[in-house]
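Below, chain A partners chain B and then partners chain C, in two separate complexes.
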Partner chain A sequence: MRFAAGTPVRIRRDFPELRGPCHIRTPHYLRGLDGTVERPLGAYPNPEDLAFARPAARVPLYHVRFEQPKLFGEGARGDTLLVEVFEHWLEEAEPSDGRRAAGPQA
Partner chain B sequence: MAAPPGPESLALLDRFVTALKAKGLVTEEEIETQIARTDRASPEIGARMVARAWTDPDYRALLLGDGSAAAERMGVSMAGMPPLGVLEDSEGLHHLVVCTLCSCYPRAVLGYPPHWYKSAAYRARAVRDPRGVLAEWGTVLPQGTELRVVDSTADYRWMVLPVRPAGTEDWDEARLAAIVTRDTLVGVALPRAG
Partner chain C sequence: MNDETTPPPATHDLGGSMRFRCTPVDPEDDAPPDAFGKRVDALRQLLSQKGLMSVDELRRGIEAIPEAEYHRLGYYERWLRSISGLMVEKGVVAGTELKP
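The block that comes next holds the complex of A and B.
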């Protein structure tokens, strides 16, 4: 279990869908975004393997909190979003205001 | 409401189930157990769980700490079911549940999801304009309330534990359960005493 509650994290800026068939449960709208670990949720078999009937190792799962107005440039200040994200999609991040990581758009 | 399945669909289902049984992947008993479990599930179960949590602090703690165990305590078999997570509303915090990727829904304690929950419109708009979505149900949150949208992307199935409305202080569990509608357990509405 790599991340404690309160840890600032970034969702990996990666789009495996562009490289071939896969099943990813981390929504597109979160890729590259900064959030905060709300709490760990336990470990569950990796859906990316389950979807293709491959042996699926258990991966730690976290509830990660995001600030609403930064998500889509809309939404009310103070509103939040909570999403279940698997550990291999999380990186440690500097505490931030939730802007997407800089870089070329996928 | 969706139309009932037509004869071609039923014939296809029959051939499919026969093939699954022939391959030893499923038994008739397993199918009937699952049908019975599905038929028993309804929002009334979730409503009773909330009403009990409102009146019994120990059950409330169980519901928030281990939703699946709380469901089992109400007679719901959660064996083989995904874990149930319960989102605690409070003064200043209200939750709204959605599954943007598909339509994950706490069926064991709420029954079938309504068609609007599964719609592309709800799934897209709930994360993007949740207050606009609530307004379409006539739901306006009290001033200063944080709206927290919960996107069910993995193993958990989520249900809201709403705030008990004022004016219900001397109500029994049955009367309380009656105001905990399906919509209040998803979070598009708030329970009302009046």
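The block that comes next holds the complex of A and C.
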């Protein structure tokens, strides 16, 4: 487990769906956005591999909290969204205002 | 929120899309699944118990449905389309056996 509760994280700005058949659990609307780890949820076989019946390593899963107004352009200050995100989609981030990171990443 | 440098989401990835913004729930509306949906789910459960497919594979198959067909099919029709595709892919049944 790489991230403790309270850690600022950024969702990788990556779009595997452009590279061919895939199954990913990280919603498109989160890519490149900043959130905060709410709590680790344990480790689970990676669904990106399970979806193709491949051997699947267990990957830590986290509840990550986001500020809703910045996600969807609606909602009141203090409204948040809690999403389950696997660790390989997370990067360390500075405590920030949740704006999208600039530029694509590998 | 998308910007000009962000590619569009995959067909099934509807979260946050203005096009599919939630509407009020009609409490009088019949909740799924209907009889057809129950049969499809029974099929899925049996195939899972026999180790022939997983829910992750089911989802991958659903997500691979071409966009026009995806929106034309009902919820459990998408499941059946995915299950059929997986069984053909794995050689459990021949594609010709599934033609009407």
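Definition applied: the second predicted complex is superposed on the first by the 103 of 106 C-alpha atoms of A that agree within 3 Å, B and C clash if a C-alpha of one lies under 4 Å from a C-alpha of the other, contacts with A are read in each partner's own complex, and residues count from 1 in each chain.
In this text, a contact is a pair of C-beta atoms (placed from the backbone, for glycine too) under 8 Å apart; a residue touches a chain by one contact, two chains touch by 3 or more.
Just so you know, these numbers come straight off a predicted model, no measurement behind them.
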Quiz item: Should A:F15 be classified as contacting the first partner (chain B), the second (chain C), both, or neither?
Solution: second
Practice problem: Answer with first, second, both or neither: which of chain B and chain C does A:A57 touch in the superposed model? | Solution: neither
Exercise. In the overlay, answer first, second, both or neither for which of chain B and chain C A:M1 touches.
Key: neither
Quiz item: Once the shared chain is lined up, is A:R31 touching chain B (first), chain C (second), both, or neither of them?
Solution: second
Exercise. Considering only touches as defined above, state whether A:F72 meets chain B (first), chain C (second), both or neither.
Key: both
Quiz item: Thinking of the overlay built on chain A, is A:P47 touched by chain B (first), by chain C (second), by both, or by neither?
Solution: both
Quiz prompt | Residues of chain A contacting chain B in one complex and chain C in the other | solution = 27, 29, 47, 71-72
Exercise. Spell out the part of chain B that touches chain A in their complex, as residue ranges.
Key: 83, 85, 100-101, 127-131, 146-156
Exercise. Sort out for me which residues of chain A touch chain C in the complex.
Key: 15, 17-18, 21-23, 27-29, 31-32, 47, 50-53, 70-73, 100, 104
Exercise. Sort out for me which residues of chain C touch chain A in the complex.
Key: 1, 3, 5-7, 9-10, 13, 15-16, 54, 56-57, 59-60, 63-64
Self-check item: Complex contacts: residues of chain A adjacent to chain B
Solution: 25-27, 29, 41-42, 44, 47, 61, 65, 68, 71-72, 74-76, 78-86
